[in-house]
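The structures considered in this document are given below.
Two complexes come next, and they have one chain in common, subunit A, joined by subunit B in the first and subunit C in the second.
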Partner chain A sequence: MSTIVIEHLARVEGHGGITVELEGDTVGSVRFDVFEGARLLEPLVRGKRYDEIAPTLSRICSICSVAHTLTSLKATENAFEVRVSPQTDLLRELLYRGESIESHALHLFLLAVPDYLNYPSAIAMGADKPAAVLLGLRLKKLGNLIQETIGGRAIHPVNAVPGGFGKPPSVDQLIALRSALMQGMADSDAAIDLMASLPGADFCHSDTIYAALRSPNLDSYYAGDEVMAVSDGNRAIVRAADYKTLTNEKAMPHSHAKHSNFRGRPFMVGSLARLTVNPRRLTGRLAVAMKRLKLQLPADNPMDNNKAQALELINDVERALEIIEQLLRAGVREERPVPVHPRAATGTAITEAPRGLLIHSYTYDAEGRVVTADVITPTALNAASMELHFRCAVEQSVERDEAVISRRLQMIARAYDPCISCSVHLVRRR
Partner chain B sequence: MSKPTVGIFGLTGCAGDQLVILNCEDQLLDVVALIDIRDFLMASSENDAGCPLDIALVEGAVVSNHDAARLQAIRQRAKTLVALGTCAVWGGVAAMDRGADRPKLLEEVYGEIGPGYDSIPAQALHEVVKVDLNITGCPIEKEHFLAAIANLLNGDAPIYPEYPVCTECRMLENNCLLIERGELCCGPITAAGCQARCPNLRVPCVGCRGPVGDANPSSLLAMLQEKGFDRQRIANRLRTFAPEAAPEGVAQ
Partner chain C sequence: MKPLLVIGLGNPLMGDDGIGWHIVARLAGDPRLPETVEVTSGGTDLLRHADQIEGRSRVVVIDAIQDAIEGNGQVGQISILDEDQLDERQQHAHHLSAVQAIGLLQLITPVRFTLLGISISSAAVANQLSPALAARMPAILDRVLQELMCTSSK
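Coming up: the complex of A and B.
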């Protein structure tokens, strides 16, 4: 028996590894190991007041800190039946788009693309191909500018609070954002050029179940409270309050893993899932770009998640521009957050973090203190699907060279854009 | 002159301080041209995990024996060890209740296997090894990182504000959230350097940069109690990011 071990995955957020056991040509156990230290944030927020929860649980993850903040606020507001203003909804969606642009640009240009071109890092790639790295950095900066302007800080936003925003942006700030986004339109097209020029990554095929938020207007990371799962043309809906039937975390007897599955099968969340569940977004520039990337949905190759992220860069920039136009047309109101009246209740929220579905669910007491908190992150949801795809890649490989297989496994792991410190709600630890 | 060798590491945390480094979009390529980054797992798949380092930048808290062993190994390699961010400097959010019954919490979150995990109460880096420079913030400010690199390249240490957030807030002529609006704002005891980011947006300071040197949590406690906040709520707020910020004698 031999074992392929990737001790410490590089170019991902957090600490994880991969172990594949082989008996001749038969693949034995396949594990995505998480060895992130336990911070125990869910039990530690118990007893804290509702206005302290988002700033604390945002610290689960820096790259997804907007997603954690806004999902936390949405869960709290759901519990207390707070209805925020239409302006707040627009600003939150805009903030989400900023995070998505930053996160996708970081992932594609600094973490994933170096693999396709055989560089160990974007820094090394930058020595030969400075234009590609500078393009990525420009898009990243655009995402951060949106987060700084709307959220008050690029990481761990401070301006989004229960009921709304501390201080809405000024008209001048929005106009400055609009100019930056115009450059972003050209840059997101250039991102497609780069992605279309990369060599193929064709070493893992499988039928995949995709799950994503179904939004009422079909294009939101934040609105809506239904998840749609799609597989082989079949569709199923899960409502936010029933999220446990979706996550169905169960301990695996061989490994003490908690794995999420849908009707007994692993599922994938993230950009590729969002485009598969909400294909009506794929018109105009997106449809053209999709053709150039030779992406077909539903995809059977998890590496296509990288292409889907590039498509979302276009969509995020367009959507951010639309929101800004809408805000400027309506005029930005100097409004204060809607008052919050705590009560004993449970609130659950589901949104789309850059790397997929994110769920926060809290039970509060009558004074607005947390009794229980539950957080389910995209990387935890994806863990079972990642392992399935690792297995497929090894089984489907004609190449037996371990270095080649190991490199492919790492590329698949990165295509999922895992956020391992996000996997608070444990996948597996060793 | 040869470039200084640098390692950038994350223990347990959110990777936010490493992300701040990557967020220096306008300076990143210039910075990496001035230093020789040998070990940076978050950004590179080709690392020298054993070479001596002139500068080690370490973010995150120590929450396991594995973290402690990694930190000790980094310390042995490094001439200068820099703690990056509130978790590394103060312990951060994972340290908000170090007296908690850990095996019980582990079981609650991870099931019966939980208590067997390698898990210890969260510690700041200085509680485990000698730290040469602290850069606080959750996350650190970009400018503070760039200043540290510029100073270290010249053999200096940067100087960071040694006054509270209130000082910056007053310079911005903001209305006081604590005195005028009666909100629970940690500005008086929190280290400045963020340009009073939160109160400037009419949001109370949550103390994410940790306590300022001569902070007096007891007097803040008295002032807040006068405003009608209960001790428990104040203590919870003060120790969210730094256990040392909470006044003595207030239980979790």
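Coming up: the complex of A and C.
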């Protein structure tokens, strides 16, 4: 028996690795060990007041701090039946688009594209192809600018508060953002050009169940309370309050994260799932770009998540521009947050973080202090699907060279854009 | 030219991993901090601070080093590291390590980085530093300030 072990998916030794056991040509055990810090952080919010929860949980991840902040606020507001103003909804959605642009740009240009082109890192790629790296950095900067302008600072937004929004952007700030986004339109087209030029990556094909927030009449990462799962043309809807029937978590001995299954089968969340569940978004420039990328939905190749992220870059820039136009037309007003009246209640929220469905659910006591908290991240939801696709890739490969298989598995893992141990930041001495 | 910028990296929810965050929080209110030095908390993504970094000649990054976890250093020990002393393999699945981020930032701006690494013994879920590292905090601050005074006067 031989064993393929990939250890360096994450910086924390012993976490985030892939292990594949081979018995001749037969694939034995396939394990993906994900360190799921978010679940372990829940005790840190137990007993805290409702207005302390979002600022604390936003620190789970620097890349996804907006996602955790907004999902946390939405869960708290659902618990206390607070309905925020339309202006707050727009500002939160705009903030979310900024995070998505930043996250997708970082992932695609600085992590995924070097894989396709056989570079060990973005720095190495930058020596030969500086334009690709600079394009990624420009788009990332655009996402950061949106978050800083709307959220109030570069990371861990301070303007999103329970019941509303702190300081709204000025007209001048919105006009400046609009100019930056116009440049972003050209850059998102250039992203499609780059993605279309990459070599193919067909390492595994498999029927896949996709799950994403359903927003049939609204292009939103933030609004909506229903998840749709799509499988073989069948569609099933799960309400946010019933999220446990979707996650159906099972503890795995090899992983810190529990595995999720829908009706007994793994499912995939993220950009590819969002476009599959909400195909009405694929019009105009997106439809043209989709043809250029030769993407067909529903897809059977997890590597297509990279193409879906490139399409979402276009969608995010366009949606951000739409929101800014709406805000400028309506006029941005200073609004006082809707008063929050705590009571004993449970609130659940599901939103679309850059890498897929994010769930926060809290039970509060009568004074508005957390009794229990549940945070389920996209990477935890994807863990079982990742293992399935790793297994497919090994089983479908005629190649048995360990280095080739390892590279393919790493590329599949990267296509899922996992957040394995993002809450930790360490450097290692050589 | 903009003044020297100090960026403290780390996650304060992950115990000693947040040492960079704790140091800049303390430096911000320390009267000994030279007026010509700016400090900011960087979370875990150095690249997000590209705008703040552009236009500066020098940036100091404070981050945890895991050598005490591996038994190679003493908790709270400060190392002043050049880029070639860091392990380039450290790579997140979805964002970049400080070392890689420094390499990328140098593609767009001619800034010099100094990394002050603080050796830590654990990086587990906790909203405070370990007693061992917390006890070393006054000495760490003294040493960091000494280094900043020296760097900012160059």
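Definition applied: the second predicted complex is superposed on the first by the 402 of 430 C-alpha atoms of A that agree within 3 Å, B and C clash if a C-alpha of one lies under 4 Å from a C-alpha of the other, contacts with A are read in each partner's own complex, and residues count from 1 in each chain.
We take it that contacts are C-beta pairs under 8 Å (C-beta built on N, C-alpha and C of every residue); 3 or more make two chains touch, one makes a residue touch a chain.
Keep in mind it's a predicted model, so treat the numbers as computed, not measured.
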{"item": "Subunit B versus subunit C as contact partner of A:28, first or second or both or neither", "value": "neither"}
{"item": "Partner chain(s) touched by A:144 [first = subunit B, second = subunit C, both, neither]", "value": "both"}
{"item": "Touched partner set for A:63, first subunit B, second subunit C, both or neither", "value": "both"}
{"item": "Touched partner set for A:417, first subunit B, second subunit C, both or neither", "value": "second"}
{"item": "Which superposed partner A:284 touches (first subunit B, second subunit C, both, neither)", "value": "neither"}
{"item": "First (subunit B), second (subunit C), both or neither touched by A:86", "value": "neither"}
{"item": "Contact residues of subunit A, present in both the subunit B and the subunit C interface", "value": "8, 10-12, 37, 40-41, 43-44, 56, 59-63, 65, 106, 110-111, 121-123, 126, 130, 133-134, 137, 140-141, 144, 154-156, 421, 425-426, 429"}
{"item": "Of all residues in subunit C, those that touch subunit A in their complex", "value": "9-14, 17, 20, 42-45, 47-52, 63-67, 72-73, 79, 81, 84-100, 103-104, 107-108, 115, 117, 120, 123, 125, 127"}
{"item": "Subunit A - residues contacting subunit B, complex", "value": "8, 10-15, 35-44, 47-49, 52, 55-56, 59-63, 65, 106, 110-111, 114, 120-124, 126, 130, 133-134, 137-138, 140-141, 144, 152-156, 158-159, 161, 165-167, 251, 256, 258, 410, 421, 425-426, 429"}
{"item": "Residues on subunit A engaged by subunit C in the complex (per definition of touch)", "value": "8-12, 16, 37, 40-41, 43-44, 56, 59-63, 65, 102-103, 106-107, 110-111, 121-123, 126, 130, 133-134, 137, 140-141, 144-145, 148, 154-156, 355, 413-414, 417-430"}
{"item": "Footprint of subunit A on subunit B - complex, ascending", "value": "10-17, 19-20, 22-23, 25-26, 28-29, 32, 37, 40-47, 60-61, 63-64, 66-67, 92-94, 96-97, 100, 102, 105-106, 108-111, 113-114, 117, 119, 122, 138-139, 197-198, 201-203, 206, 208, 232-233, 236-237, 240"}
